[in-house]
Amino acid sequence: GNKSVSPDSSKDSTAKEESSSAAAPTEDIKSEMHIAINAAPATLDIIKTGGDVGRTIADGNIFEGIVNMKSDYTAGLELAESYEVNEDYTEWTYKLRQGVMFHNGQEMKADDVVASMNRWIECCSNASQMIGNSRFEKVDDYTVKISMEESLMYLNELMATAGQMPAIVPASTIADADPETGLLKEYIGTGPYKFDEWQQDQYIKIVKFDDYTPYGTPGECDARVGYKEAKTPDVYFDIVPDDATRVAGIQTGEYDFIYKLPLDNYSMFENNSDYTLFNDMNGSLGMIYNKKQGISADSVFRQAVNAALDMDAIMQSAYTDPTFYRLDSCYMYQEQLEWYTEAGKEYYNVKDMNRVKELLDEAGYNGETFTLLVSSDYQEFYNAAVVVENQLEKAGIDVTLLVCDWATFLSYRSDPTAFDGFITSWSPVALPTLMNWMTESYPGWVVDTKLIDMEKELNTSTSKEDSLTNWEEMQEYCWSTSLPISKFGDFSMCCVSSSKINNMIYHFGPFAWNATVSK
Amino acid sequence: MSMEVVLEAQNIRKYFPVKGNMGKVVNHVKAVDDVSVKLYRGETFGLVGETGCGKSTLGRTLMKLLEPTAGTICIENKDITNYSERKMRSVRSYIQMVFQDPYSSLNPRKKVGQILEEVLMIQKIKCDRQKTVLDILEKVGLRKEHYYRFPHEFSGGQRQRIGLARALILNPGIIVCDEPVSALDVSIQSQIINLLLDLQEERNLSYLFIAHDMSVVKFISDRIGVMYLGHLVEEAETAELFANPLHPYTQALLSAVPEANPHVRKKRIVLQGDVPSPLNPPSGCVFHERCPYAKPICSQEKPVKKEMAKDHTVNCHLYEK
Amino acid sequence: MKKYVVKRVLSLIPVLIIVSVVIFCLIHLTPGDPARTMLGDQASEIEVENLRESMGLNDPIVVQYVHWVGGIFHGDFGTSIFMDEPMYKIILDHIGPTISLTIYALLISLIIAMPCGIIAARKRGKSQDQVISVFSMVGISVPSFLLGMLLIILFSVRMKILPSAGYKAIVDNGFLKHIEYLTLPAISLGLMQAALITRMTRSSVLEVLGSDYIKMAKAKGVKDKVILIKHALRNALLPIITVIGQSFIALLSGATVVETVFNIPGIGQLVVNSVLRRDYEVIQAVVLVIALGNVVVNLIVDLLYGLADPRISLE
Amino acid sequence: MDNISAKTTNMQEEENIAVLKKQLKKEQRQIKIHKFTNNKLAMIGAVITIAMALVAILAPVIAPAGPYDMLVSDRLKNPSSVHIFGTDTFGRDLFSRIIYGARVSMGVGAAVSTISLVVGMVIGLYSSYYKTLDSILMRICDGLKAIPAILLAIAFMAVMGTSVRNVIISLAIVYIPDIARITRSSALMVKEQMYIESMKALGASANRIIWFHIAPNVLSPVIVQTSFIFATAIVQEASLSFLGVGVPVPAPSWGNILYEGKTVIYNAWWMIVLPGLSMAFPVLGLNLFGDGIREVMDPMSN
Amino acid sequence: MAEQEKILEVKKLTTSFKTERGKMNAVQGVSFYVNKGEILGVVGESGCGKSVTAQSILRLYDEKYLVEYQGEILFDGVDLLEIPEKEMQNKRGKDISMVFQDALSALNPVFTVGEQIMEPLMNHQHMKKEEARKRAVEMLRLVGIPAPEKRVSQYPHELSGGMRQRVMIAIALSCNPRLLIADEPTTALDVTIQAQIIDLIVELNFKMHMGVILITHDLAVVAETCKRVIVMYLGQTVEEADVNDIFDHPMHPYTNGLIESIPLLEDKGVKRLHTISGMVPLLNQIPKGCRFAPRCPYATERCHREMPEFVNADGRHKVRCFYPIGLE
């Protein structure tokens, strides 16, 4: 059947399985599933590195965490059976599930969890910033705890939605990690699939892990959390960088699922019962200013730039059609009801040339060049950049577009003298301060001390209400005064599966478990 | 005739490697084997001999178009054997060559006028080049209007004359003529020979004249050398050679000259045996296998040069003193 | 000749040294580094710095170079932080598909180009010539990725007779599957090369058609076709061999675009991916291998010159 | 008396020759013009090439809109009377972009092919002539050919900033060995001809032999290869620009229009077909023209 | 002598080249015949069209781009200019073969001489490779090339001028043609080899009844071998007669001049050789009347105005002149 997952119905991604027994491998079910991804991950050590593709392949399939993300961006328990926290949110204790096996045959114990979690805290900049010097400790074989100096109410959210995954791996693999790079040499987790083979530039293959014991209620799986079962024994993630090739491949049946459908091709699959389309709000696009140096260090100038932008044109050029984007001034997602606020809305999408002129005059703008950095690896960013350039030029700001490949982009981006603004996107997170551009060290560099204090306050608050008011204030402050970024809007990512795939759970990407492919 | 030597070559050897299947050198063609020649100012030295005996190779070696395997070459008393290509260039205007194969020695993409004018340009001769070229064309019996034609539009004989014009245009001191008139009809041939003689008289030119037509050679040469299989077997003044050929090969050669008279049938000396190959020359005297007068010593020892009369030398065991 | 071959093979050493120095310099001129690309978007500056340090990227270039060359002498061609495999295996894995594809594409192009070129030369100025000329010029100007996509749409999506993308190794899947998957990419590469070789054949054959020996062959009663194929083509072979050699080299060192469109894990993809993620050691190793390949292919081409034209001696 | 008549005949002769020279020159000119104008295809080639060059030069006059004028809401509109070639993914007028694109693309094509032609021929000719040079230059070419163009381009960009120049230099470096090899192959054959030996006998310098006698005889395969390079350089330019190491971006070029069109190949044919056609034109023109030059230079043809 | 069978008869052959300067008739209205077993000598001024005539008989020039033929060439009664190219291919090299004037450029530089000799053998006589090779060696030996077993595998550029010419002869003779057109076959040969080759041709001509057209400048060779001679001047035949008649009393002033120009071995003390004064006109500037008139010592006003016919003057002696020498 034709199923289109629209943003407002994203709760649907909690797939209700009709009957778990019927889905056992039978003759009319294939033993292989081919998912075409658009790029090879740098590594599957997703604790050390972030990245969509790596998460899609490994998170939940191979690796599991103590907690993981649910479809409403909150945390659900995965490897932990339960947890306790003290009143001021400084001491967290997790009870682990017993009898959970690693792919190498060992049982998961507290030692493994402690080693994994502490490695994560060190690797993940969000985590190390919020957790500081505290580390997990073993209480007994199945209990771990962490005590912190300052309260951290959102530890679970941090673990569930941070850019890098706090995956639990055997302590021995951590000890065996490559001494030079610190990367894991073996990908051993506790998930329903185990890593089998990585054919460079061809595919990554994961296979069913026979000793996996599902948790939760059969048939109930909310995004990554719930009852998981490897129904298709072999899953291939075919690495297909060329967009058109993926599109052709789903049509020829080469692939059962393609990741990142070029949006212009959406209409080809619409109203076609052979395919299922997935269209899910996936992140936000925006321009991050260099607040450390150069002309955009002046917040008034940033305001001027922001006032010149026509967000609709930008988003349309990047995402082709309102089906795939929405204009929204809130840094957090509409779906994250608790965090949603319209504070600062009036500064968004103003496209008022008089205002721009006023602001430019106020900033004393003198025809200096605004260097806009963008990577050509992402067509959408590049498209947006072209439009931004066009609009700013029209507004009387001299813009140089600096387009480069990803590696160059990363290195220029970390050099405050190289750019004034760059275009990027970020994924939804459970806590506003987890948005990477909020951190001081992230390129763009938040230097506004007031904003930094507000962040700190939010992080350490111990009541929901406090943090929400904090947040509202903070967003208002950002839009009106500090303007660390200009958010353009939210966008969705499209994927297509052949309608032969059943029970595919989709949330930021396809999940292989529980899904079957009929012949 | 002065007795000034303009070109002297001593003990020239030129061997070509012969390659086997895998490009390995399996043998050598001894195209020129220990030949010494002298050319005096204002004289014509005729060179005759069996085809493939190394006349052209000798000519090309003297021009240093081929590196001699051994031996020395002196031009105007300067030893040019080890001259570099660059240094040779200044010598080139003095010694010129008419190639045996006229067509392939002309660049098919250049018009005759260009070919000839270029020569003047190369040697940086300042004059009305086009006029000089038109003149020389006429001199060799072509027409001025041929100036803008490509070599392929000419007949064999006409091409040969272009080659000749190219050698003459520079006023060289020595010309190596490798069959310069073989493709010409007798009337043009006479015209060319007259021209060569006139020039010689005018400018005291020296010719090394390679030809097959004995009557032409006889007519034009002052001295004649006879080559056989890479060796210079006999050398004498023209009249002397024709009157008194010593080497059995020379005798056979002269007897084979046809007559331009249908009524005369001459008696030829027919040589016995196969023509030997320079790939694998016979031991001793290279001619002994075909020589009607061969003696046992001929197959064992190489004969040395002997002067039988004034300026008449021969390499043959028959003439032991 | 043996000497010549040995000499040429020895000349590899300076080539490799120079190439390695050049490539090393180039790599270090390019912004970006493997540590940063490995750690990705989210990594903190400190972590990147640590990784750079432990990878030795902060050493002076000369030290890095000496270190790398030293490794080579111990049989260690470096390691990729992105690919957890020994270097020789990485290269072998990628070179297989490329070689298959190259040979297949060249075969296709030769089968098309030789007859077309000869016909065009023979019918110079006639309609056949013009049709072939126009096709070959279109072939030259259609980018291979476009051709590839059109082929996919036609043969895979519409007609469903050939797979659209992917690669099946001979050893695992058998020859037929292997060929099946390579057919479309080979065609799209082959057509482009065919266009060039056709033009080259036409023009070189035309060059020799006016020669006397062609006339001579005619006088011997040799048939027209045989004259063209045996006498004319043989004499026109040098530039043709050269383009074939050059095509071979070009394809070997990466039919990048086509490999991407058809998702073939070949050298071209390896090079581009390594360059894009600054996988230094892989770039260095691959470039050296390609240089080696070039020297070998050109050696073969040069030896073929000698066979094609006995007057040429390169020694 | 005798003297005087000799003088007059001399003068007369001078005059005759002068007349003849003039006559020959005139005839020659006529032949050349005739040969070229009679070569219809070459004329068509020349006309196409010149027309394309004019289009590039006169782009601001011809183009109905600016190459950067965008109206995003108008994206991917079919060709119509407003936008005769339709619009691109940013809603820019494709016709104008293609016309402006001619500047970059033909510029890059021409520059790359000219540089590699000149440098490649120098390398090829000299290495065919001097054996020691051969082993050095050819090995350098082998090495050059191994270095990936993207790497070169990225490195150049880092050193010299983004500009078309980087693309041109990096592509030229990649293509020089091709021309060098093709030149060398023909030159090796030509070098063995008797007429080269005869030039040596005339005392021609190596340079003269190389440039006046070998070079014209190797041109025809070189022309073919050069026109091929012209075409591939245009496409390559795009793939490099796309990595940000080429033409500073929103600037239009046929290659990057094609690349943008690639993603919409299923729903906007004009984004592929039209820039593709515009690329085929100069290639066709150049090839026909090159053929014509070959014919005119070929002494055997008439 | 009984009237013999004509193996080849050329009637009013005209060959015109399409050149940059327009059409040029290199050969105009040439007629002659060759009998079976006869050697016909062709002499004439350099550039008068001998080679062009020879090559026209085989239709070697490219008819599409280069030349235009007119007239008739009857070989065994069949007009060669009419038959299709396919049939012509069958005749070339097998029935009629040719020795080219320029031996180096006519041999294919990239094949060994052996391969080049074997080609027509395998083509026309359907020999096996081995057999053909043996035959090639035999042919080389026949034309007097030493060490033929080694020479077969050499390339043309490795041979001397004379050897190349002999290779050409070997190719031409390999299939025992019925008509041999030899375009200056002995120019590059020394007299001994020349004698040998001429003997060979005469022998074949005698034994196999091979017709021969012998184009040469060497009047001595003509005198020794030919029965009948034609003399050409500027694209036309000007005289045709038995060899004795030509040498004894040439009728055309050109022939006369030619014979007088021969340098003789016995000549003593001559300082200059006799030449025919004047120059051959260009093909596109041919005089209206008799073509030789501008250079003819006996030319009258009529000669400059009118073109004389090629007519029988005295028995089998044909001449193109209003005032043949010795007939006044």
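Residue numbering begins at 1 within each chain, and the chains themselves are lettered A, B, C, D and E in the order written.
The rule is short, and it goes like this: a residue touches a chain if its C-beta (ideal position, glycine included) is under 8 Å from a C-beta of that chain, and two chains touch if they have at least 3 such contacts.
What you are looking at is a predicted structure, and each value in this text was computed from that prediction instead of being measured.
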item: Path length in steps (a step moves to a chain that is touched) from subunit A to subunit E; value: 2
item: Shared interface partners, meaning chains that touch subunit A and subunit D; value: C
item: Chain located farthest away, centre of subunit E as origin (C-alpha); value: A
item: Most widely separated chain from subunit B, with each centre as the mean of CA atoms; value: A
item: Of C-E and B-E, whichever chain pair has more C-beta contact pairs; value: B-E
item: Centroid spacing, where centroids are CA-atom means, of subunit B and subunit E in whole angstrom; value: 27
item: Whole-Å separation of chain centres (CA-atom averages), subunit B against subunit D; value: 48
item: Whole-Å gap between the CA centroids of subunit A and subunit C; value: 39
item: Two or more partner chains touched - positions in subunit E; value: 19, 65, 102, 104-105, 157
item: Subunit B, residues touching no fewer than two other chains; value: 101, 103-104, 145, 152
item: Numbers and ranges of subunit C residues touching at least 2 other chains; value: 30-31, 149, 153, 210, 212, 276, 309, 311
item: In the complex, subunit E residues that touch subunit C; value: 55, 58, 60, 65, 85, 89-94, 97-98, 100, 102, 105-112, 119-120, 123-124, 155, 157, 171
item: Footprint of subunit D on subunit A - complex, ascending; value: 243-244, 247, 262, 264-265, 267-268, 312-314, 316-317, 320, 375-376, 379, 382-383, 386-387, 389-390, 400-405, 408
item: Complex contacts: residues of subunit C adjacent to subunit E; value: 124, 211-213, 215-224, 231, 234-235, 308-311
item: Partner subunit D, residues of subunit C touching it in the complex; value: 7-8, 11, 14-15, 18-19, 22-23, 26-27, 29-31, 125, 130, 133-134, 137-138, 140-143, 145-146, 149, 153, 195-196, 199-200, 203-204, 206-207, 209-210, 238-239, 241-243, 245-246, 249-250, 253-254, 257, 271-272, 275-276, 283, 287-288, 290-291, 293-295, 298, 301, 305, 309, 311-312, 314
item: Residue numbers on subunit A that touch subunit C, as the complex places them; value: 40, 42-43, 48-51, 123-126, 128, 163-164, 178-183, 185, 198-202, 238-242, 244-245, 248-249, 251-252, 254, 377, 404-412, 414, 424, 436, 441
